[in-house]
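One structure, as structure tokens, below. Some questions next.
Chain IDs A, B, C, D, E, F and G follow the sequence of writing; residue 1 opens each chain.
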Amino acid sequence: MDKIIILPVILPLIAGLVFILLRSYIKVQRILSVVTLVAVMITSIFMMVHINQHGILTMQLGNWQAPFGIGIVADMFSTLLVLTTSIVAICCVIFAFKTIEKEREEHYFYALFLFLISGVIGSFLTGDLFNLYVFFEVLLLASYVLVTLGGKKVQLREAMKYVIINILSSILFLVGIAYMYSITGTLSFAHISVRIAEAGQDGFITTVAILFLLVFAVKAGLFLFYWLPGSYSVPPTAVSAVFAALLTKVGIYAIIRMFTLIFYHEPEITHVFIGVLAALTMILGGIGAIGYWEIEKILTYNVVIGTGFILAGLAAFTHNGLLGATYYLIHDMIIKALIFLIGGVIVYLTGTNNLKEMSGLIRTHPYLGWMFFIAALSLIGIPPLSGFIGKVFITRGTFEADLFWLGIIGLLASLLILYSIMKVFMNAFWGETLLSEEEEYGSTKGVMVAISILTFITIALGIGPEFIQPYVDTAVEALMNPQLYIDAVFGGNDIP
Amino acid sequence: MFDTLMILSLTILTVAILLNLFRLVRGPSNADRVQALDAIGINLISGIAIFSVFLHTHAFFELILLIGILSFIGTIAFARFIERGYAIERKR
Amino acid sequence: MSASAEVIAGIFIFVGTIISLISAIGLVRLPDVYTRSHAGSKSSTLGVLSVLVGTLLYFVISEGYFSIRLILGIVFVFLTAPVAAHVICRAAYRSNVPLTETSAEDQLKDYFEQQSKEVNE
Amino acid sequence: MPFQILVNILLAFLWIFFQDNWSFLTFLEGYIIGIFILLFTRRFFKAPFYLLFVYAAFKLVYVFVRELISSAITVIRQVLRPKINITPGIFRIDTDLKGDVEITLLSLLICLTPGSVVMEVTPDDKSLYVHAMDIPDSKNSVLKSQKIFERAIKDVTRKYV
Amino acid sequence: METLVAIVIGILFTIGTYLILSNQMLRIILGLSILSHAVNLMIITMGGLKQGGPPLLAENTTRFTDPVPQALILTAIVINFAVTAFLLVLSYRTYKMHGTDNMDELRGNRHG
Amino acid sequence: MKPNDVILHTVTKLASVIIFAFSIHLFMAGHHQPGGGFIGGLTTTAGIILLFLAFDIETIRKNLPIDYKMLAALGVLISVLTGVGGLVLGEAFLEQMFDYIDVPLFGNVELATAVLFDIGVAFAVIGTSVSIILSISEDDL
Amino acid sequence: MSFLHFIVLMPFLATILIPFLYKKWGHRIHTGWFVVFVPLTIFISLLLYLPEISNGNFIATSMPWIPSLGINLDIYLDGLALMFALIISGIGVLVVIYSIFYMSKEREALHNFYIYLLLFMGAMLGLVISDNVLALYTVWELTSISSFLLIAYWYERKKSRAGALKAMLITVFGGLMMLAGLIMLAMISDTYSIREMIASVNVIQDSYLFIPAMILLLLGAFTKSAQFPFSIWLPDAMEAPTPISAYLHSATMVKAGIYLVARMTPIFGGHSLWFWLVAGIGLLTLLYGSLRAVRQTDLKALLAFSTISQLGLIMSLLGVGSAAYYFSGGEQQELYALALFAALFHLFNHSTFKGALFMVVGIIDLESGTRDIRRLGGLMAIMPVTFTIAVIGSLSMAGLPPFNGFLSKEMFFTGMLQAAEVNMFTLEGFTILFPIIAWVASVFTFIYCFILLFKPFFGSLRLDQLPKKKVREAPLGMLVPPSILAILVVVIFFLPNVLSDSLLKPALLSIGPFTSLNEIPFEITAWHGWNTEIYMTIGVIVVGLLLFFMVKNWNSILRIYPDNLSLNSLYNSGIEKMESSSSSFTNFYMTGSIRHYIMYILIAFVGILATAVISLDSVSFNLNFKANVSIYDVSILAAMVVAAFMTLLTKNRITAIVSLGAVGYLMVMVYVIFRAPDLALTQMVVETATTVLFLLCFYHLPKFGKRIEKLPFKLTNFLVAISVGLTFTVLTLIATNHKLYHSISSYFENAYELAGAKNIVNAILVDFRGFDTMMEIAVLLIAGLGVFTLIKLRSKDGDNNETK
């Protein structure tokens, strides 16, 4: 059973490789990509069930005992993210069938897409600091190519910035790894954790912790998000939806992983600092979101707000805070994909990105409109949709940690989300209908499946969190108790 | 004694590389730079050979040939580039 | 055994580096790219060959280790250095890098002019 | 000639089997013994004894090295002068060598002659344009050694093949 | 040794940073490359410098330098090469499409 | 006037043979000496590029008809599949196996799946680097 | 799931059916006829619980939602809940009937209308019977959303959309604050159940979160109930169809805030801040609403402000009544509890007369085509029934007998007079203002009630002023619902204690300091003798009538207050300013300039790291320059630094590239001196390849330095660069001196036994950490694909810019 935990990483990878060999067989690629992702989804469900019964799943690659080899560690938190990733990926790839031009498909779109997913999942599952860097690079490279795929002027321009910033942050990531290696002489998360716990998290280690925080902050769009709005708005919808849903989450995941497993000894410094950054992120993101009239910008700044909100849960560093963060993380992946997909369809239908130039779509596209509305409510955290539980428990967590300002800012941020997202709804869907269906620049044919699935999920997650609650609880329990992770990695072996 | 000689040799070589660097920087033509680069490559080979003796290791013998190869390829590439404006020809 | 290795290798290596230094000086001092190519290609080639031979002998004598890799390296440098010089000079000439003012004659220029005349006709 | 080399190598391996000692030195022993065997049996082969070719090749290499050293010394002398006093220039030499290998070898050798670099080969492979570092000095020595080179090359490429 | 290298790393960081704050594409990329070198230098420094022979068991030595940083740098070098190759071609294409290599002219209509 | 590349071509033929031999050496030696799949692959690439430089793309393509992107993908695939091999045999992913067997003529020879893995690496490196160079060259750079 | 759950869920379930019904029969039978059964059933079912509740009992039942988190659909039906539930469902029935005649089945998308309405109804029912605060919050927000949808029912109209958004923003804001407050309460009391919270009221009152939770909850209540200054959304909400205004914005939704305050009174009552906030804001709202109402020319707007005012009245009573909790028993407690009782009574009354009045206005609007009182007049003759209802409604609102408004108004005065006696809280002198404000507000209430009654119905009918040429009495169906309410208004006046015993007292039991019904002493009587209250009422009538007839003479005084300073225009300009300033703020730092972004990131890194390392007192290292260093080390490193500087200083692209190459090749040497053969090999090849790529990509670009960089530009760059360099030097120095453990690498020295390899680095790469390598070549492959696609897949949008 342990063996299957590598599948979510390598299945998409293998599929992508096969796609390169099958370059001209687009139909086969389409089918295979869905099949692969469904397989990943099923695997992760199996993993979840298994973890809940038997504890954290690990696999030491090459059978080299920890900490010498690279370990793949699937705790519940990771696995939940893997599952969500696979679902989001399935929806986005289905969406891509109808919306990605043939040219892009022939230029390895599906391969790149699956490489991206493989990188994301790998980042969630790896138990090794340097391997995390490698997976970051996998997903980043794939994202670079996906951003530029198509070669439009604006794509190239924004890709330049995106790539440069990410290279810079990868360099700083390596700096962190170097320091970490100097201090602890090891790379496995679990082993680092053990060694730091043993030696005590002194001032310099805390400094290095903050270095890692800042590195991941760039990736997550936590406070250092400046690169994000531009690059998320240029690729095709299916891609920007995946970006919005997954890429920042990897950074968030890394922050949560490091600050629950390794740097958990000085929360008054590190976690409060995370809280400050989270608050600033929500404020800046919120201000950004309400100021604009372009759909893509509004949605992108919402990604930023989401990041801040999730990390507010980590800043709290209580059981409830992390519970909320986990729920909200899952929710945010789903909902960002959904809202970006719908946003893309709106732009596609109206031929414009500017809200002032569109109106009254609800008459011609009622389902789209109501799904947008539901998505919007979910984004705001209105119950009983998926954002609610996360919102409540993150807020409760911050209160428990006496970070009232953070909790209140989080709630006020959802007001800004409300304003920005309702602006989209009211301008795009309400008002006089400008275009008849024949005059529209595109149609919703074939794209509603993905959107409907995601809408269904956001509703289902909101109404039925009880079904995943045991899993989320297991996840949070492990996050709050690093020893579980460490024991799973080292098994019964001695820790050098 | 021998070690001192090796260090002396290395120092001389370093001076040589610095002089080549001067030419590399100074130009004035790109051909000059390629020339300097080629010479640096050659000097690097010497340097690594000396290090191998000095450190008493075979570990860097591969590097010697490799530098030779790359230096050659690099020189050819740059020279072609200077000559034609492109390095690799599509079709004759 | 080791002492003789050190003596022989030391001589070869030291001479080699001196030659390299001189060729580097040449590279700095000589007036144009063509004259510099003489220093660059030949002197430094000799220098590196001397060092490599010294190294080879050092390991042969001290350890009985006869390195094919080093031999191959020597051969390769020997083979390619003149080509490099040739290609660089040709490129320089074809990209119109002028000869130094003290140059006496330039038959190639005449040849090129004649060739382009033929093409034009 | 290739056939002879092959036989020689086979003999070397045979020697290793006899000695039951897998090492480079044993191989070398076997190879040298093989040379002698081939020398004795050379009349059975139609081609001239291949070591003659090897000899010619070595001679060529010797010429190479000699030229290299002398050319280097010439250059070094110039470089180390307090004031460099040279009159460089480009001149043409014609050759009767044929084929890529011969032309190449000649060019390489010329490149290694004191103070001269081949700049161009005419498309008909008949003439080489050579840059000399110091025309009065180099031009004559190039023209002189051209003949030696051409013979040495022909020895390798034509005589013993 | 470590002190010296640390200072060199600092200098490389300074130069690299100065370069990436430039407006020209090329200088930015050059800066990133210098930063990468600095980081690789940093990683190898963290394993301890010159504390044994090359990590080859065939060599006659009992102490080896730390092989792990070397392996890490190898991976990092390759990845960095991949990224740089992509970035270079990207910048070339960007230059071609936009007709400028000045990043200041590539701001776009604000960040959209 | 088109230059006469006779010198270059002749030396290139010889040099590239040396380079290819060397790259195979680097690859094979990698397990015990400096080298390995990556560096071996890159050296092979160097050889191929030398050919491209001295000759031209079409000529080399005719003589070495390889789709380098596919080669790269195949390489990665081989590496992944050696990993999967361990998995299929009930071991961990990427479990490498090695053994020493006696082969007549070659004596005691080490067989390691790591070599297979490394072949994948080499293919990937060759495929990628050559296809990068080719892509760029086929543009009007 | 209990029957009560079913009742609450019924409206939601019905929403699923509506589209089908509408599609199937919508064009023949008005959809409202199906819908009306929902509130009717609910109303009747609830009535079944009345006897039980009237006896002072309650019904609690639960249905799991997220039981493992303690979040369930707990229902708690007590007096307060039942009273609200009956109002909601009862008026719901009337409104639906009314809407059947108001909303045209030909022109309107009725399925949407009724879905929203049912959603709202369900939410509202859920709100009042929910015991779980998170479930309460759920439906609380749902009321905001359904209200949003209803206000914007005519979404083509700009005003509808703006009104809807405003209402949603304000009420959701309040909801969020309320959520924060509820979470605090839940945290303190460790339960999500309101009942359990009330049970552990001592713990809550001792908590330092008591005051924050109170304020947050009040924010929720005040926004929802349109208390000053959050009242601005309510007038704009009048864009909704009139049945909706009648239902949501008079009888139900706005009372959610009242409900919350009432519900929370057992927790917060007795605290001075609660008293001052609730009563004070309530009075302020009362005054503000009545003053603003007088000025309105739109009938619905007038009603809106009157609603604000009346809600303020109820709120102030709840505030004063909360003082009852200050006492433990006794006459004082009783007197204050009377205010609570009055609040509940007036709340009920208000639902009746205000509902009726809205329907009246709807009739006027529909039949005459306008709601503008400057154009209306003389409708009394044409619309006798409507007029009668209007008389009953407005006089009740004005507080005149024989209508229920009179009774509760009298009790209101009693309460306020009682408040003036308050001496247990600080600032006692101010309480004297309570009755004064109450009286002044009542005067204005009287005036606007008369305006409402006189302007449309008296005077002369000027048909030319009206959009509709033919003005008629409304159809019977439209008259029945308001008539029922009007009858109630009268009936309650005469039989107040029926209502009191069956509903008000059980409700008071829920919120007041009583443990059983028997303890509640209040009897409602129309006549108390000549007490202060009756003099106040007479004063109201006299002064009110005077002012009403002289309205032209003083009305302009109210207009002195400039419109653009009003809360509403503050909101409007605030929203605009917020948008423009936030976009200009964001544009200020989101410049699109990569240099700026890098600058932010680096400054953040350096600033934060430097602060961290200094403030955490961890700068410690020993500078040992000499150990282990030889001359060639220094030369190589120096050469590298020089080459790097060359890269920086040169103006020539090629020189820069080549200098970078030199740095790379010197790295090869560095790897050699640091005993890293594999690295040296790899670096060698990679550096060459990189340099070649650099040259290929940048050879044709023009020379550097066309644009001269200004000094400030250079200086900033220099400063940032220096600080980055310095920071990482120091950090690296610390790191090298901060090795706490031996590296794991000694394990790998057994590579030959473990992995059969003598090259340890290679063993790590292909075996120990083979996974890294596997993904690394994947990275390489992706980069290769990227280069390929960049060159091969081109967009046409840049053709004109392709520069050769």
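In the analysis below, a contact is a pair of C-beta atoms (placed from the backbone, for glycine too) under 8 Å apart; a residue touches a chain by one contact, two chains touch by 3 or more.
Keep in mind the model is a prediction, meaning the values are calculated, not measured.
Listed here as common contacts of chain C and chain E: B, F. Ranking all chains by how far their C-alpha centres lie from the centre of chain B, first place goes to G.
Farthest chain from chain F, judged by C-alpha centroids: G. With centres taken as mean Cα positions, chain F sits 30 Å from chain C. Averaged C-alpha coordinates put the centre of chain B at 21 Å from the centre of chain E.
Separating the CA-averaged centres of chain B and chain F is a span of 25 Å. Averaged C-alpha coordinates give centres for chain A and chain D that are 66 Å from one another. For chain A, residues that reach two or more other chains under the stated contact definition are 13, 17, 20, 61-62, 130, 134, 137, 141, 144-145, 148, 151, 153, 156, 160-161, 164, 168, 175, 178-179, 181-182, 187, 226, 229-230. In chain G, the residues that touch at least two other chains are 587, 590, 592, 594, 598, 673, 675, 677-678, 680-682, 685-686, 688-689, 693, 696-697, 699, 728, 732, 735-736, 739, 743-745, 748, 758-759, 765, 767, 769-773, 776-788, 790-792, 798, 801.
Touching of two or more other chains is recorded for residues 10, 17, 30, 55, 57-60, 62-63, 65-66, 69-70, 72-73, 76-78, 80, 83, 87 of chain B.
Which chains touch which is summed up as A-E, A-F, A-G, B-C, B-E, B-F, B-G, C-D, C-F, D-F, E-F, E-G, F-G. Every residue of chain G that touches chain F in the complex is listed here, in rising order: 677-678, 680-682, 685-686, 688-689, 693, 696-697, 699-700, 755-759, 762-763, 765-767, 770-771, 773-774, 777-778, 780-781, 783-785, 787-788, 790-792, 804. Put simply, chain A touches chain F in their complex at residues 3, 6, 10, 13-14, 17-18, 20-21, 59-63, 72. On the chain F side of its complex with chain A, the touching residues are 69-70, 72-74, 76-77, 80-81, 83-84, 86-87, 90-96. Interface residues of chain G, counted against chain A in their complex, comprise 64-69, 71, 134, 137-138, 141-142, 145, 152, 155-156, 158, 161, 164-165, 168-169, 172-173, 176-177, 179-180, 183-184, 186-187, 209, 212, 578-587, 589-590, 592, 594, 596-598, 600-601, 604-605, 608-609, 612-613, 616-618, 728, 731-732, 734-736, 738-745, 747-748, 754, 767-772, 775-776, 778-779, 781-783, 785-786, 788-790, 792-795, 797-798, 801.
By the touch criterion stated above, chain F contacts chain E in their complex at residues 32-34, 38, 128, 132, 135-136, 141.
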